[in-house]
Structures are given as structure tokens and as C-alpha cells.
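Order of writing sets the chain letters: A, B, C, D and E. Residues in each chain are counted from 1.
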Amino acid sequence: MEDMNVEKEKQKEGTASANTGSQSDPRLIAFVCNWCTYNGADLAGTSRMKYSDNVRVIKLPCTGRIDPLFIVEAFKKGAKGVLVSGCHPGDCHYTSGNYHSRRKYATFRDLLGYLGVDLNRVEFSWISASEGNKWVAVINEFTDKIKSLPDKTTDIFTKK
Amino acid sequence: MSRIGVFVCWCGSNIASTVDVEKVREEAAKIPGVVSAVDYKYMCSDPGQNSLRNVIKEKNLTGVVLAACSPHMHENTFRKAAVKEGLNPYFVEIANIREQVSWVHEDKERATAKAVDLMKMMVEKVKRDKPIEDVRVPLNKKALVIGGGISGIQAALDIANGGVEVILVEKEPSIGGRMIQLDETFPTLDCSSCIMTPKMVEANQHPNIKLYTYSEIEDVSGYIGNFKVKIKKKARSVVEKDCTGCGECWNACPMHKNVKSEFNLNLSERTAIYVPFPQAVPLVPVLDRSVCLHFKKGGKCQKCFDACGPKCIDFSMQDEIIEETVGAIVAATGYDLMETSMYGEYGYGKYKDVVSGLQFERLLSASGPTEGVIKRPSDGKTPQTIVFVQCVGSRDPEKGVPYCSKVCCMYTAKHAKLFAHKVHGSQSYVFYIDIRSTSKGYEEFVRGTMEQDGAVYLRGRVSKIYEDNGKLIVKGADTLSGNQVEIAADMVVLATGVIPKKGSDKLAQMLGISYDKYGFLTESHPKLRPAESSTAGIYLAGMAQGPRDIPESVVSGSAAASKILGLFSKSEYEVEGTISSVNEATCVACFYCQRVCAYNAITRKEIKDRSGNVVKVVASVNPGLCTGCGACVNACFSKSIDVKGFMDDQIYAEIKSLAV
Amino acid sequence: MKTVLNEQSRRNFVAQVESMLHDKLSKCYQCGKCSAGCPVNFEMDYTPNQIIKMTELGMEDTVLNSKTIWLCVSCNTCSTRCPKGFEVTGIMDVLREIAERKGITSKTEKEVQMFHEVFLENVKSHGRIFELELVGKYKLKTKHLFRDMFLAPKMLEKGKLKMHGETISNLNQIAKIFKDFE
Amino acid sequence: MANTKTDEKLQKIAKDLLESGEVNLIIGYTKGSNPQRMRPVFITKPEEVVKLTFSSNAVQDLAVFLKKQEVKKYGKIGITVKGCDEKAVNALIQEYQLSRDNIKIIGMQCNGVIKQSLADKGETKVSETTVYDKCLICQEHTPVLYDFLVETEEPELSISGNVKPYAEIEKLEAMSAEEKNAYWAKEFDKCIKCYACRQACPLCFCSRCIVEKNMPQWIDTNSEEPGNAQWNLIRAYHLSGRCIGCGECERACPVNIPLMLINEKMARDVYNLFGYKSGLDINAKPVFGVFSENDFNDFIK
Amino acid sequence: MKLAYYPGCSLKGTSFEYEVSLLKILEAMDIEVKEIPDWNCCGASAAHSINHNLSIALPARNLAIAEKDGFESVLAPCAACSNRLKNADYELKRDDILKKKITNSLEMPYDSQMSINNMLEFLIGVVGKDKIKSMVKKPLTGLKAASYYGCLLVRPPKVMQFDDPENPVTMDELVSLTGAEPVDYSYKTECCGAINSLSKPDVVMALTGKVLYDAKNHGADVVVVACPLCHSNLDVRQKEIERKYEEKIGLPVLFITELLGLSFGITPKDLAIDGHMVAADRVLKKIEELSK
């Protein structure tokens, strides 16, 4: 909670009124499934928990629909961090969407790392509809982590 | 050209206190294609909805974005309102600025900026929305029930009583399943055949039920509303419609010693032509060709044929394939008892007087091999001391299965109780790890076995059973007293656990429904959709889903039936239109989409030219089965498949709208 | 009997045992099959399943001073039949080893413990077992001079007791093994 | 050097196949105008089989032709394949691009093929310094599946272990993200988006590649960063768990991007993660068509 | 295949009869085994009881020497030794860190490729039933033999990988090959308590007594074993047990190699059967009579 207050102070001091997408105020994009994580995020809301406002959520039916292409596109459009989140293994609303995607993510992530993308910038999580607190923790930690990265993150997505 | 209306909801102060709703509205108005932007105190209220409808009408909107509470709250409300003005319901999108903005952030400026982002994102999405029509699938109002045990019979009767035709298919020569093998039932001790037989007869005589016994499912294709089923009616060698069940044939059969009765679990013999048990339904014998002398000795023996009055024995009968079209299916394939041969230490199979729980049921049963008198299989003597061993195979990941079989605690208590009732002065000992007696009257029943019927319960497993001087020495432990215990018993009953019926995995594959690693059929949702399989139109009942007792099996049969009656109460089955579709021009038929589809919704489609030559093979989506999860899109390398409601170009536009 | 659980020491003990055992104590669900089949249960002060539970509860003193750990004959009946595949025999080895390392001498079963010690000394000095010397030293140490003595004459007569032991040639290597692992 | 006995056997098989009508087309190698280079040949008449030959200069993966409509129209096809190329055939069967019934596999035992660059300079000896890296890690000197096998009479490839195949992979793995990025930025900078890598790949069989899809245009098509990187990223991703390591993409690349360093790395990772190697079993389900409940999960919070 | 032979300490001492009879029948069958040079004690139960690492390192030395000398297979006739060797091999396969420590200490590599056979595995698996059958000259028809497996041959199954741990049959099969009749009884795999033979004689006598009385009650003329420790308890302590339980037993205890030797027509003397504490005279006489 204290961190949150400090965060708030910082934001007030800052001149930016909107999330600028800079390294100090990074834009995060979260691709979440409709059934678990989106509901988990809603629960954080109905529980009036507070968390970093750097994140923008894009809702999809299932982690099975969340394509690595989306991650690439988000980085291309200036996101400093991309989160993918869905139902825990075994809880997929569509039985196996998260299992199939998990394989793809594990591989894609290796490939990104090998090609020089800082893997601190891509995060995956399983957040259930009852884990509002986990959503808050994941978003806050991820935001902090991204902010702590060196400014000069050049990688294959950046135009030189 | 899009004509989008944006409606920003205050939600009283819930949104408005943290988000500058006017700012959001102003930003919305600037977006190309947005022809109307309003804010209102409560969009979900009647006046709010009316204003939404008015704007749709007046401005002739092609799409609506509500910046309001979570779509899980009011998406449906607003869609319904839009439909009333002739707008396709899927042209309504929600930007969640309450649960995911105003309630979780505090800095008003930044929260407003985020709300604007989300609103813009949804405007971009709605611009690309395509009209989606819900899919209507015609229904063949006939149901197939697979398995004629208690849950299958219950399901069939309930459906039939609802006025719907049912086909009931049973693998064995008679319906009745496992329940008809039981003696009395816990916790009320009513006689199983007394309550089961009337149900079997009712199923047989019901005008809406067509019964196929000694029959198996050969093939299933199609989808909800329209399953094509092939049933193999195995050659019974007896013409069912002519047979009177008089019994002259099996009385005449010379093979009366060497064939073990499956129904009595090898505790007695049967003839080559036989009914499995006297109350069989239908009461028509079946001729077991694998042991019949007529078939083994080149047609010489035909004693049954000679004995039969109506001459209904037909040695030349062939297997028959029957095709049926049904709209819904119930899988109630039941269970088997676990094999205990892996327990060398318990000597099952080696010592005749070590029997399984179901074998003991037959020994208790008045219609069983001993006519209800408890006799040891080895020498026919009545045992005075019986040791019951619980959790044999269950809760044993090393040799058996890790799960609890649920019914063994109760049936063992029943066994001990009935043993006490039948053999006065006898003594039973029960080795248990935990007692699980959680339904109505169950705990009292178990206590009664101990307190009134004198069964001694020992908390521990048995390590070894061996024979000594005609007695079975049971070496167990009682962990409560911390002692090793040896009991000299006349008989040992192993409370063997339950496993899915052999072959139920094969059937599941045929049906395209999922099953767990043990072979139990899995529910669409373990809590909220316990009667449905993962495939639309296929329902589950009974032990095929996992260990359960008789009342639960009956309930599940009824649940499946009520689901089907509900389904059939409409003229057509409606599926949400948010399903996948294939771009046939670019599809190369690698079928990764099919591999990842959990619903078997992807099929092979051949595109033919005018003369009927196949020019191309492509993937095709079955609208009755697709649930719109989108896993196929992720699997497709060339993006030749897309899912309505979450199309690739929409996601792309959403991401683009968030560019910084 | 009352046991006050100290979470810190409980965790330490459990961690020590589990790391040596390559198995998890929480796997045991106390069905008692180990105790049911144990051939020497009748002599033990605690049944094997009790030893497992007490270890899990961190009752270090009780288990390390129990008779049970020394009476176990390592026949593996328990592990073979354990429905959870738990290393029941293994835990006895582990507890004996911990007791030995801590210098705890069993009050009631010191003969067993001493036999193992004398046996290993014998291996250390010859590389192989010289039975006569082993028995002699064991008797001296336990002061059970006359136990089993009546067997000796006939065994000598049959040629079962050799008067000379064999010593291996590369005794240095044995010494090194002992140095590295003792 | 062409080995006459090998060629005789190969030609006999091809002739029989064509004469009996079991196949309508044989895809094989024939000598090019440059004796150290071989080129593909398509034979439909039994009398033409004399053109067929095989040697350590048979570098190209002929399986690439199986995806072409011009070839497909022949229906039943016979193909000459080395162990590596044969895996492509298997992968195509696994992915329903080819029916096992329509293909006769003439498996060529192979002890490695000489690098084109060296062969051009006159190298004729197969040794660990002259063959491609893929040959040094090859486990399929004899193809895993074939209808006919033509044994080699050449000596086994002796491997001392001094030449480390794909040594750069370990070096790259040890680098920091910045260093890796710098390495690949330099490589991808060269890319001219000619898509030769795609054309040469037997498993790039989409009729419309993802880069050619607009609405939405996921991959930038401009031939400069970051479009180049995206193309290379997606190409590698689409081949992860599928690439059989024939190395044709790298050989086809006019600007010498070391594509096999990516392909091989991903093959290793997929094997480590899921225990799957592509193209070894026509009955196996492709690695991204299945899952296990126990799949690697450590990277997910 | 070169076959290594690991006799172990007992076969060079109290159970010399085992080695004598073993070498005799191998000679008769023309099978050559080579003793592992400079082998050391496996540590027996003492090592694993109080020092896990030592209990791996001691057998590991023998395995490493055998491997260095080019052996691929080792025969360990003593059930305890084969148990410890197999156990060491198992642990070295699953614990890389320990393996490194031990091979460092031994200054020898070990590749974990050695096939380790107990006596019964060797006879059935390496020699083969057909070969044994062809050797039988004097079938022991009419002799009732109770096979006693004890613990170490079959348990723990995941390490031993030999026969059914609850209902082993290998020794009974060998008994049948000799023409004798296997006796089914309940204590085949119950423990004799060997580990505490010297330290807890009372316990051991209780356990051993049950085995002997049960075998006798099931009509056995003789008990057959493949373990020197079992033999010591059943044979050496038999008189004492008779005294303690005040009931005569008089069951000769033969090694499986001796039983096979008899059926091969080798004389009892050559098989060192006279080295046992319980005289086998009566049984030998019965065999003679039955064969007439």
C-alpha cells in the first residue's frame, strides 16, 4: 500500500496527464481471456483494490485465441510490456485453449529471447476469476519491473 | 461509412467521481465516424436505455459503444435495447470504465485518459463489427441413451414420459446393469431387484422407448440435433418377438457345467443358451456361440432348437446394423470393478475365499448362486468370521488409482450388517482408512453396523493374507491402538474400487466427448454443467462420470433427461453466432485447427467442380459444435480462419488504437 | 502425552529428513499398511507409521531415540506394499544415519548399532569381512561374550569359521572412500 | 563422384516404378553443367532414368517440390531423398499435405553432403570439415522411412568432435539481450525480403503466406527494420517444432543470414520442452497439435 | 560375453558351500566366470543402516573395477550383495551429484551400464532353462522342496526389477527343472531378520522359526535358498529354534546350486553339502531311493 501512495505522489508531480508510454510512464498491454482473468480484473474493481493505471486490457474469448502475433503487434505499437493472462491449467472454459497456447508461448518466448528481446517485457500468468488480488499484484509488479528496466530498450521491434 | 454512437455512463458517482465523463464524451465526439456522443447518469436505467434507443433511431447508428460498467454486467441489457431498434446485437461494444478504471484508480486525469483509451479502442472494434446471426440448428426430436443400468433407464423413462421417443441401447443381453446384481441397498436395505425390476419392465413396455439389448454403438457422426447413429445388434440366435421366455431351451442345453456365469461373477455356471438372470428384461435367452456345441461341433447338437415350442431359435442369425437419427445422446456406460490381481499380497484368485465386493453381493442375493445363504466358495461352509478390507485399489496410486471410489465404505458397512443378520453369532472385522458416509442416513447406517450389528472396525490397511490350516490369516494394523493385528478369518471380502466400464474410452472417442486419464467421462463444467459433456447435445449420467451411489445415479439420469427435454422444447437449437469461419480460398487443409479444437467442430470439406471431381480440400466449421473460443485462429499459420466477434482485424485495430 | 510443536525446528527436521530421503513426508496418509506387514513390529516401541507421523511433527528426540529405527530389518516389505510409494524403509535408514551422526546411542538397542559400527570398522581395516574378528570384536564391545558360543565348535568343525581373513591389496582406496564419506 | 553401383540401383528402382505405373513422376538428382553441382530432374519416362544420379553433391532438399501444384497434378510420385529430406516428407504427411499412398520414397543412405561453397572450389571429399553442420548432427544417415533403400558404398562420416556444429548457438545463448539484439539486428538488416527462404522450405506450404495477408497486415512488408525482423521472427515461429533441419532456407538466402542458427536452436528448445522432434514419425501428432497437462509451466506466474 | 563374478564375504567364509557348489555346477555347464579383481565388501546392511553414501560408494568400487576390466555383466550369488550392488547402481543413475562425488573419490569412472544378476536371474536369464534342463541327469522326482526367497532378492521391486515381489516363481521353476516338486507355502518372502542375526537373536529366531515350521507343515523335505544370510539363519540356528519352540524341525537347507548339482548327478560331497549344520543325510537317502 505504501508503494501505491508513493506511486500516486509521483504521478501527481509528473506533468503528464495521460499515460505517455515513455520508459518512466510505460504503456502496458494485457491480453486476457474473457472467463477467468477478465473476471478477476473485474473482481479487483468490485473489491475497490487499487493498482497501476499503466495497463490497457484487451479482452479475448480465451487464451487459445491470444496469438503471439498480438504480442509482436503490441510491441510494435510502443507497448513497453505485454501481459498474457488466462485461466489456470485445467480451468479453461473451452477445456484446452490455455494448454494449447501454453505450448506456443513457451516456444515463442524462447524465440523472442534468442532474438534479443528482453524477456522482462513479456509476462504470462494464470489468474482466475476469484484472484482479484493476484491481478493487482501481477499488474503492479509488472509495471514496477518495466519501469526499472534501462531506458534504451532497443530490440527487433524498434525502428532505428 | 460507420455511424457510431458513444454513450458515456456516470454510474452515479461510481464512474463520474474518478473519470471526467464529459472529457470522455468530448474525446469521443472527435473520433471520425462517431456521429453522436452523449453522457448520462445511469445508462442502464429505463430512461438511459430509452435515450440509447432514441439515438440509434434518430442518428441511424451502425454501431454503439458504451463506456460504462463491465460487459459482464450489462452487455446483454444494451444488446437487447439495440435489437429493439433493429440493430444487430453484436454491434454493441462495452468499454469497461468502471470495474477496470474508476474503481481501481484514483488520479482523475490519468483515469480519464485510460477511459478515453478504452473507449477509443471499442470504437475501433465496433467499426469493424460484422453482423452476426445466431445459428439455428434443426432438431430431430429423438434421444439415444447408451447403457441400460439404473441411470440410463432413469434417463430413458424421464425422456419417454416427457413425450419424446427414446432408443435405449444395452450391451448385455438384459438391461438392469450393476444395480440388478446387488442384493440390498444402503442405507434403507430395500431389496435391489424389488425396486429395480419394475423400472426395467416399465422401460421395456414404454411406448416411447425402443429397446436394443445385446447391442453396441458402432458409429456416431453428426452434431447436436442431428446425430447419425449406427447400432450393431449382435446375433442373439433367438427371434425376440416369438420367444416366450419359457426356458425349455436352456433346460435342454447339454452345456450346463463348464461355462461360468458372468452375471454371478464366476460363482456359478450357466448354459450355452441362457438368460443371465431370472428377472432379465427382455426375458429372451441369448445363445453364446463361443461355447455352443452346435457351433463347435459342426451343427450336430440342436437340442435347444428341438425343445423350443415356437421354434424361435435361429442358428443362422447374423449381426444386424441399425441406423437411427437422433437429436441428443445420453452416455450412461457405467462402471467395472477394479481387477485385484495386482494385489499378490491379498491372494485374490489364489485363495477361493478371498472374494470381491460384488461377488459377495451375489452370495448375499436370494437369486444368487447360493440362494442368499452365505457360503464359502471353497467348501460351501457358512463362514463365522469375515474380514472386510476397504480401499482395495482405491486411494492407491502405486497399484490402483488415487481417487476414492466413494461407495465402498457404505457397501462394506452393508455387507457386515447383512452378514450379521444372516449368520447369527458371526463376527465381522472391517479394515478401513477413513469412513466416508456423507449422505442422508449414511453415517447412522455405519454406526448401526458397529453398534447394533457388532462389526469391529480397525483403522488401518491390511498388508498380507495367507492361508493357514484352512483359515485365512489376515495381517493388518490398527493405527489407533498402534498395533499389528492378525485375524484368522473364514472368508475375506475385498472392497474393490470402481473404474469406468471397459471400452467407455472408445465410445467417448466415437462420440467426440472428453474423458479423464482414468477413462471417466468429463463434464462440460464440473460444477455448473455437470450433466453436459464437452460436446453440445451429448449428456452424461451415472458412474460413467465417476464414482457415485444409486440416488446420485438416478439424479444424474434425470438431470440428463431434463436437459434433453429442455433442448427439445424449442423447435430449433440456437447457437451464438460468434463462431469461426474458414477462408476457403487460402486454406491449405493442414488441419491444425482441427487438432486444437476441443469440440470436434472442424471437419474436412471437399470442394468439387461441376463434374464432381475434388478440386480442393479445406477445413470447414460445424456451426452446431463451434463455441467460438478461437483456438483455431491461433493455430492457423496463414490466418485462413477467423472467429466472429473477435476477428483478427478487430484485435489489430484495438492494438493500433493504443499506439503511443 | 503432549507435544508442543515448534514450527522452526519441525521444519528443519522435516527438511533434513526429506532431503536425505528423496521423498516427501506429506505423501504418507497413515493407512498403516507398513505397520500391518512389518515382520518385527511386535518388538518395536512405535509402529512405522507412527515414526513417519512423528518425524513429520518434528518429534526429533522421540524418533531418534526410538527402538523402532534399530529394530527395522530393512526387509522392504513396507516400501513394497506402500500404496503411496513412500520410502518407508528409507526413512529408517535416514533416521539411523542422523542418530549416528548426532552421536545418539540407542539405550535399548545398542547391540544393533554397535554391530553396524564394528562391521564397518572391519570393512575399513580389511576391505572385506573377516568373520571371526568381526564376531570377536562385537562380543568384546557388547560384552555378550557367551551368546551364541555354543554354535562355534560345530561351525569350526564344518569349516564355516575361517581362522584367517582376506585383506584386499588396494586398501588405500578403501581408506579414501571412508575418509570421503564417513 | 557419382557412384555407379548406387546409381544403377537407383535407376533400376525408378525404372521399375515408372514402368509398372506405380508412379507417374520421379523427382531426383541429375548432374548439372558444373560437375560439382547437381540439379533436380523430373522424370516421367522409364527411358530417362539414366539421368538419375546421387552423390555427396546432392545438396538440395527435393521435398520442396512436393508442395508445388505442377508436381501434385502427377498424383503418384516417387522421390529421391536423403535422411534429412525424408523427414520433410514425413512432416508433410503428418500435416496432411501429402498422402502416404501417393508417394514412393526412394531413401538414399547418405554420409553427408559437401558444402556447395567448397564443392565449387573443387572439394570432393566428405569429411567433418567439408560437410554441412546438419550432417554432423544427423541421426538419420539412413532415412527413417522409405519404400526402397539405396545403400551407400561410401565410408562412414568420421567425427572427431573437434568441429562443433552450430557452435554459434551456445555463444548466442550466453549473450545478454542487448548483445543478441545487436547480433541479429546486423543480420536482419541485410534482409531484402526476397522470401527465398520461404520458397526453398519444403514445409512453407501455405498458399497465402501470413506476410501477404492484409486486413490486418500483421507483418510489415517494407524491407527495412523492423519489418525484416518481424518476417524472420514469424518465419522461425511458424517453423518451430516443424523444421526438419534441411538447411535449404539458409542456403537459399542471397545475403547469408544464418537462419539455421535460429531453426536449430528452436528445434533443440522444442525437443527440450516437449520431447518432440519433427519428421521422425508419420503417425505422430505435430507438437503444436497436442498438449500435455504437465507441459512446461515455470515461465507463467 | 565376459561374466564377472562377485563372491562377497560370506561365500568366502560361513557360506563356503555356496561357492563350492556354484563353481561346480558352472564348471559342469562349461560356463566361465571371472572373479572381480581385488573386490571389496559391499558394506552389507551395516553401511546402508548408518551411512547412505558409504553404502553406495563401497559397491560402486566393485562395479567400476568390473567395468574397467571390460565386463558387462556381473553375477552376485549372495542376495544381500546383489541387492546392494543393484541399489548402488540405481542411486548412481538417479543422483548425478552423488555419482560425481563417488567417481571422484574412486578416481574411476562408472558408466552405469552393468547388468547385475542375482543367482536366480543368472540361472534363468544368462544360463537359460534349456541349458539347465539338458544337464539334469538324476531327476529329483518325488522330493518336495520349499523355495525361500526372503526379502533381498525381490524387494524393493523398483530397484531389484526381478520377479513378482509378492509371489515370486523363479526359484520354484528351477526346482521344477530338477524334477523336484515345489512346495507352496505362505512364508516364501517373509523376512528372516538377517540384518540383526547377531544383535537380536531372539527376534531372528522368531522370524526364522515361522518360515521353517510353515514349510515343514506344507510337507517340505527340504528348504532351498539363494542367499547365504538366509542360509545361516535357517540352517545354523535351526537347532536353537527347535529348542526354543520345543518342536523338532529337521529340515535340511540347501542352496539352489546344490539342488541343481544333485540333479546334474554331482556327488553331495563335491557340492559341500556336508558343510551344513543340519545334516541332509535323510534327504539324500530319499533322493537315492526315489531315483531307483
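Keep in mind that, in the parts below, a residue touches a chain if its C-beta (ideal position, glycine included) is under 8 Å from a C-beta of that chain, and two chains touch if they have at least 3 such contacts.
Since the structure is predicted, the reported quantities are computational estimates derived from the model, not experimental observations.
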Q. Listed by label, which chains are in contact with chain B and with chain D?
A. A
(Q) Hopping along touching chains only, can you work out the least number of steps from chain A to chain C? (A) 2
Q: Return the chain whose centre of C-alpha atoms lies at maximal distance from the corresponding centre of chain A.
A: E
Q | Distance-maximising chain from chain D - centres being C-alpha averages | A | C
**Q.** Of B-C and B-E, whichever chain pair has more C-beta contact pairs
**A.** B-C
Q) Any idea which chain sits dead centre by C-alpha averages? A) B
Q) Distance-wise, how many Å sit between the C-alpha centres of chain B and chain E, to the nearest whole number? A) 54
Q. Per the centroid of Cα atoms for each chain, what is the distance between chain A and chain D, given in Å?
A. 37
Q.
Could you work out how far the Cα centre of chain D sits from that of chain E, in whole Å?
A. 57
Q. Out of chain E, which residues touch more than one other chain, so two or more?
A. 165-166
Q) chain C: which residues touch two or more other chains? A) 42, 77
Q: For chain A, write out the residues touching at least two other chains, lowest number first.
A: 73, 96, 100, 104
Q. Which two-chain combinations touch?
A. A-B, A-D, B-C, B-D, B-E, C-E
Q: Could you please specify the touching residues of chain C with respect to chain E in the complex?
A: 20, 22, 39-40, 42-43, 71, 73-77, 79-80, 89, 93-94, 96-97, 100, 109, 111-117, 119-120, 123, 126-129, 131, 135, 138, 142, 147-148, 151, 154-155, 158-162, 166, 168-170, 173-174, 176-178, 180-182
**Q.** For the chain D and chain B complex, residues of the former touching the latter
**A.** 95-97, 205-210, 213, 215-216, 218, 238, 285-286, 288-290
Q | chain D to chain A touching residues, read off their complex | A | 172-173, 177-185, 188, 218, 220, 225-226, 229-230, 232-234, 236-237, 240-241, 262, 265-266, 269-270, 273-274, 287-288, 291-293, 295-297, 299-301
(Q) Considering only the defined contacts, which chain A positions touch chain D in the complex? (A) 68-69, 72-73, 76, 89-90, 96, 99-100, 102-119, 123-126, 138, 154-160
**Q.** chain C partner contacts - residues on chain B that touch it in the complex
**A.** 345, 391, 395-400, 433, 459-464, 475-479, 482-485
